[in-house]
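Both of the next two complexes hold subunit A, though its partner changes from subunit B to subunit C.
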Partner chain A sequence: MSKYIIRRFIQSVFILFAISVITFGIAKATPGGPFGFDDPDIGARIPEAMRKRYREVYGLDQPVPVQYLNWLRAALQGDLGVSYGSRNQNVSDILGRTWPISAQLGLIATSLALLFGVTLGIIAAVNHNTLTDYLTMFISVVGTTIPTFVLAIIAIVIFSVELRWFPVSGWGTPERMVLPVFVLMLGPMAGVARYTRTSMLEVINLDFVRTAYAKGLTRRRVIIKHVIRNALIPVVTITGPILAGLLTGSFFVETMFSVPGMGGAFINAAANRDYPMIMANTMIYAALIVFLNLAVDVAYGIIDPRIRYD
Partner chain B sequence: MSTNSNRISRRRLLKAAMFTGATAGLAACGGGARPAAPAGEAPPPTEAPPAAEAPQEAPAAEAPARAERVLYLNMPSFYGDPGAGTDPGCSGGANTVFTNQLMFSALVYLNEKMEPTPDCAESWTPNEDSSVWTFKLRKDLKWSDGTPITAKDFEWTVKRNVSPDISCGGGILYMMDIIKGAADYAGKVTTDPDTIGVKALDDYTLQFELTGPAGFFPIMVSYPTYSPLPKDRIEQYGKDTQWTQPQYVLSNGPFKMTEWKRDEYMTLLPNEHWHGYTEQAPGLDKLTVRMLKNQATAIAAYETGELDVIEVPTGDLPRVKSDPVLSQQLITYAELFTQYMLIPVSAKPFDDVRVRQALAIAIDRDAIADVLAGTVTPAYQFLPPTMLGYDKDLNPEMAYNPDKARQLLADAGFPNGEGFPKFWINSNHTDDYQTMFEAISAMYKDVLGIEMELALMDPGARGAWREQEPRRLHLWRERWGMDFPDSHNSMNFMVTGRLKGDYSKIPEWGGYKSTDRVAPLVEEAARSADPARRHELYRQADRILTWEDPYLIPIYYYVANLMMKPRVKGVYVTGMGPTYRRVSVES
Partner chain C sequence: MDSTTSTQDSRAADGAPTAAETDLNLKLRRQSSLWSDAFRRLRRNKASLVGLAIILIFVLMAIFADVIAPYDPYKTDFAAVRQPPSVQHLMGTDKQGRDILSRIIHGARVSLAIGFASQVLVATIGIFLGSLAGYYGGWVDTVIMRVTDIFYAFPTFLFLIILMAAFGRGFVNLLFALAFTAWVGLARLVRGQMLQLKQREFIESSRSLGASDARIIVRHLIPNLLGAVIVAFSFGVPGAILAETGLSFLGIGLVPPTPSWGIMLNDGFAVLRSYPHMALFPGLVLALTQLAFLFLGDGLRDALDPRMKR
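Moving on to the complex of A and B:
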């Protein structure tokens, strides 16, 4: 097991290296540059002498491979550079401020999504083809298909403007967290519910379940002891990506509710060709995906004795 | 860069929020538009104790029963503002200008008529050709900690703001390179700051030596880069504009900052050491600047009383206008901001004046204004209303005239558009631009029988598209938002930035035959101090550029829509936006 983990870890480092090269390459190959120089509406005011100086200061006048190596050298020493979009702030300062907020929001949302999703999925599977099943799956389809930005607006109009239960936006106090968490949670919850239901139905029809019934166990005991435990393995698989996605923030939820997290920064960085920010965001996201997947694989070995890593 | 880059980020966000804005409108209409609640009921944003050095006014003893009067403003986007922060030396983004104007007083401010009005300076006088300006300062200028400000602080600040070494460096250079030697110092041609044409003659006299005559200079020094900055604080905490943090910053304007949670809110208190404070103590206790990025969210926050002033999202305009209560709170004003298309004057068949005129009058501008409901007004010249050189009768020929347009094109050798080469319109890609150019393209097709294809793209890709071989015949969408309300700002850009600037080196755009007619007019207008004469000169220049020998086709001027709660008083709105220096709120 530890051998396996070490091997996977080394693989992960190579994967991350490859991702960094590809991301840097794509970012640089995209037409346009930072500071609005290439946007005619902004660039009209910027004299050539100043453009030149900026390119020198930020090393943009060097060949792309050199720029990459400069970035890599600094990044390995923990220096992620200065954000081109907000030049008085270091990328690490911005992330240090915004990421914990996104992570907090993401963790709460993921936990609730798992809790409610698994519960709904089990209820639906146990009551297969009944009204309860259809109702639960209806909720789940709604949760999956309505985009978060529509959901956010609906939530704001109903709960803030009409009912006045929660403030429209902001962060930091429990009542300000309710709506963003709710909106962010709904999609993943629906996904988890459907996975759980499908997987439960599959397991319910397997031979060992029939055996368990034949042994005379109660339905309740069979479901809890045998079905759920086996049915949750696929759910664990999707938990990794869900967690990685939610931990790095959601652009729409964060902009709609003015949550000062890193989700907004991601999109803006791409639009502004803020290379240091693009790299930092992508690498964090990639690292989370890679290591959470590793964690999920390790978790398999723990919850499913049939899976062994040798 | 002020209004311009705000526009960009706002539009950019708007694009993302477009759907949601529409949804918000629908949803809110469905729920029945409700009157706005009295803002006093609003839950205040997260409170944190004010910074230690912020002396809270303690009116408790005198006015025990009075509720705290708090004004909630919104600053829609902070990220991506070049040099974002509160450093006036890094001003450039509209949001930085917004906070600068709350916190700092410049040499002059612009009154309701956008005239330069004494602020830090009591009076000013030019030399005979307006190339040297002497400002007499007030003697009671103080920092927010009570220490005095002198002309030397202004001199130091100007030199610092054009220095190549400040971290946000030279973002506002185009607002200062009119000062003699400033461009050379910023471009490291010289390293001697004393070569810059600014000097404190004594503690209360400040003199600027300019690169040439400039009758409009007093208007220019209303810009926040002409505010004094606290030298000691900057020298001590200058790195990465750390000095702008609430625990270090000193300012000389109507408000002082005591708290700043990035991407969340700023807290500002009235500055009792502001020179205007003695004349009229501010009618509020606290000003909170929140940072709600999404316009649909902001209007919801306005309706629940969490914000007092907002920009109205386009999708919500019809609802606001038809609502008996909200429509009373709507403030609509013309921005000094022109949208236009540049014409490749040297490329066939656009080298023919008649072709360019045909393109200009085949556009039904009223129809476009209708489509972009409430956000624009038709433009028939480059300079916007209220500016010198604007004349609503400047180009009577430019009114929509399909018959005349067809005739002009036929005279140029393209009857019914036959034989006219296909061409493109190159622009940023937003929903509004798509709508507008689809409309113009259809008008060209219907009226003139010619094909204009849309090349809408990411702004960064436009330059590469233009250079791509084989070169494509195209119009180029561009816009100009004024940095300070004098026609020099627009016309000087057109001459030095376009006719004689980089664009003159692009094959299709170079060789504009009327450059030698336009440039002298604009140069004379810069020298002149006579408004009537300047008006006439700019008028002539504008007519050449837009009709006699069209270099650009004006399309529309932007219109801004604000909503302000009735409890907010003392704010006036000009083409440059709202001014809050005398704001008060009823509790």
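Moving on to the complex of A and C:
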């Protein structure tokens, strides 16, 4: 097991290194730079001396591989550079402000998606092939297919504009959190519900469940003590991707509900060629995904002793 | 030799089959033909037929957009801006007085073009690299699979945002960005299928008859994994449409005044509280296409790959 973890960890570090090289390369290899130098309107009015000075200060006058190594050295020491977009702020400071908000949003949405998703899945499976089952699965199909940004639009129109129950934007107070969390949670919740239902239906027909009935347990006890416990093991595997997805995939929700988190900041950074911000955000997202997947695989091995890693 | 290998029947190599045997062979093969079998299974699935019908309507809309659309999608009318739905404009007008229904109809052309063209690119790259890796194994496989590992860990939408921000908006850039980020899944799928198929007897007999690698790959292996590729294709198209709409919605996809559903959503979202119809209609149409493709994809998966039933 520990051998497996070490191997996967080394692999993960290598993958992150490769991603940083690719992202840096794409950002640098393309025409157009920061500070509006290449903007047809502003660019022409910037004097050559000022351009030169800017390039020197930000190290843009050096060859790209040198720029990359400089970035890597600084980043490994915790210095993520100065944001090109708002030049009086360090990238680390911006992240320190935006990351807790995105993390809060992502964690709340993931917990609720798992809670409601598992509950719906169990209800559907226990009432297999009844109206309850079909209704639950209908909700889950709708939840999977409606894109997040369309769901956000529908939610805002119904709950903010028509019913005036919740404010349209912002973050921090509970009533401001309801809509963004709801919109972010629905898709994953639907996925978890479908997954749980399938898993439950598989376990319900196994021999050990029949044995449990045979020794005289009530249906209620069999379902709670035996079926659910075993059926939820595979569900663990999808919590990692869901958590990673919700921590990193809230671009739309954060932009649309004006939540001051990382997602909105990243969209701005990408549009303004704010290289230090792009690099920092990309690496945080990639690291989250890589290590959450690793954590889930390890957790899976602990929960289910039947799984062996070589 | 060519005529015997193409029958995919090891027994035929022993000598020329009698006329009666050939006849029986043909009958057997016709009965169990993958395509007729698959089509029969697909027809039994009501949901996927509904999906197929909706997609056909969108395809017809896209082909005959010029005839069907009541107005020119680019024609502005500043005397009639942001009108709510009426008899003249069934879905109302946008901020420049353009007819929203006409823009949605022409938008189907844009969406489907992006969806299908990007998946053709994905299929080409994916089948090519996947077959290379799966068939030859060794260092070719190692190199290709390490590259897919990196792409797999790179959050797709994040990658798309970086690419589009770096290379700039536009149809061609978007097409290549979509193909570049999506080929990995298919390459892995094709490789996996390839690994299983190349162990089978009919491949071995074909090789023992002296068929070249290229011939075995093109004539025997690829036709056998076409089913899995078609299923992946049918899930890839809505994925690409969703990505296009999302990126255009964020302002880094297609360039206005292209009648893209995403650009329409962007225009509409800015004034959602006062003119909800501008965002709701394109949003609902997008959700409908996603639903239709999901239904069809589910049906195709059950029909073409009965072993992969979930």
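Throughout what follows, the second predicted complex is superposed on the first by the 278 of 310 C-alpha atoms of A that agree within 3 Å, B and C clash if a C-alpha of one lies under 4 Å from a C-alpha of the other, contacts with A are read in each partner's own complex, and residues count from 1 in each chain.
Just so it is clear, a contact is a pair of C-beta atoms (placed from the backbone, for glycine too) under 8 Å apart; a residue touches a chain by one contact, two chains touch by 3 or more.
Since this is a predicted model, take the numbers as computed values, not measurements.
Colleague: Output check: A:I156 vs subunit B and subunit C. Expected answer is one of first, second, both, neither. What do you get?
Modeller: both
Colleague: Of the partners subunit B and subunit C, which touch A:T198 in the superposed model: first, second, both, neither?
Modeller: second
Colleague: Touching A:Y300, do we find subunit B (first), subunit C (second), both, or neither?
Modeller: Neither partner.
Colleague: Touch test for A:T282: subunit B only (first), subunit C only (second), both, or neither?
Modeller: second
Colleague: Of subunit B and subunit C, which one touches more residues of subunit A?
Modeller: So, of the two partners, B touches more residues of subunit A.
Colleague: Counting only touches as set out at the top, which of subunit B and subunit C does A:R273 meet: first, second, both, neither?
Modeller: Both partners, subunit B and subunit C.
Colleague: Pick one for A:T98: touches subunit B only (first), subunit C only (second), both, or neither.
Modeller: first
Colleague: Based on the superposed arrangement, let me know which partner A:Y4 touches: subunit B (first), subunit C (second), both, or neither?
Modeller: In the superposed model, A:Y4 contacts neither subunit B nor subunit C.
Colleague: Please work out whether A:I26 is in contact with subunit B alone, subunit C alone, both, or neither, and reply first, second, both or neither.
Modeller: A:I26 contacts subunit C only, not subunit B.
Colleague: Could you tell me which stretches of subunit A are touched by subunit B in one complex and by subunit C in the other?
Modeller: After superposing on chain A, subunit A residues 30, 32, 149-150, 153-154, 156-157, 160-161, 168, 251-252, 255-256, 267, 271, 273 contact both subunit B and subunit C.
Colleague: Sort out for me which residues of subunit A touch subunit B in the complex.
Modeller: Of all residues in subunit A, those touching subunit B are 30-33, 35-36, 38-42, 44-50, 53-54, 57, 85-90, 97-98, 149-150, 152-154, 156-158, 160-162, 164, 167-173, 176, 251-252, 255-258, 260, 264-265, 267-268, 271-273.
Colleague: Once bound in the complex, which stretches of subunit B touch subunit A?
Modeller: Contact set of subunit B toward subunit A: 1, 4-5, 7-8, 12-13, 16-17, 19-20, 23-24, 27-28, 31, 34, 43, 45-46, 78-85, 87, 90, 164, 167-170, 173-174, 177, 183, 186-188, 240-241, 244, 261-264, 290-294, 296-297, 300-301, 303-304, 306, 428, 458-464, 476, 478-480, 493, 497, 502.
Colleague: Where on subunit A does subunit C make contact in their complex?
Modeller: 11-12, 15-16, 18-19, 22-23, 26-27, 29-30, 32, 141-142, 144-147, 149-150, 153-154, 156-157, 160-161, 168, 198, 244, 248-249, 251-252, 255-256, 266-267, 270-271, 273, 278, 281-282, 285-286, 289-290
Colleague: Any idea which subunit C residues touch subunit A in the complex?
Modeller: It is residues 149-150, 153-155, 157-158, 161-168, 242, 245-246, 249-252, 265, 268-269, 272-273, 276, 279-280, 283-284, 286-287, 290-291, 294, 310 of subunit C that touch subunit A.
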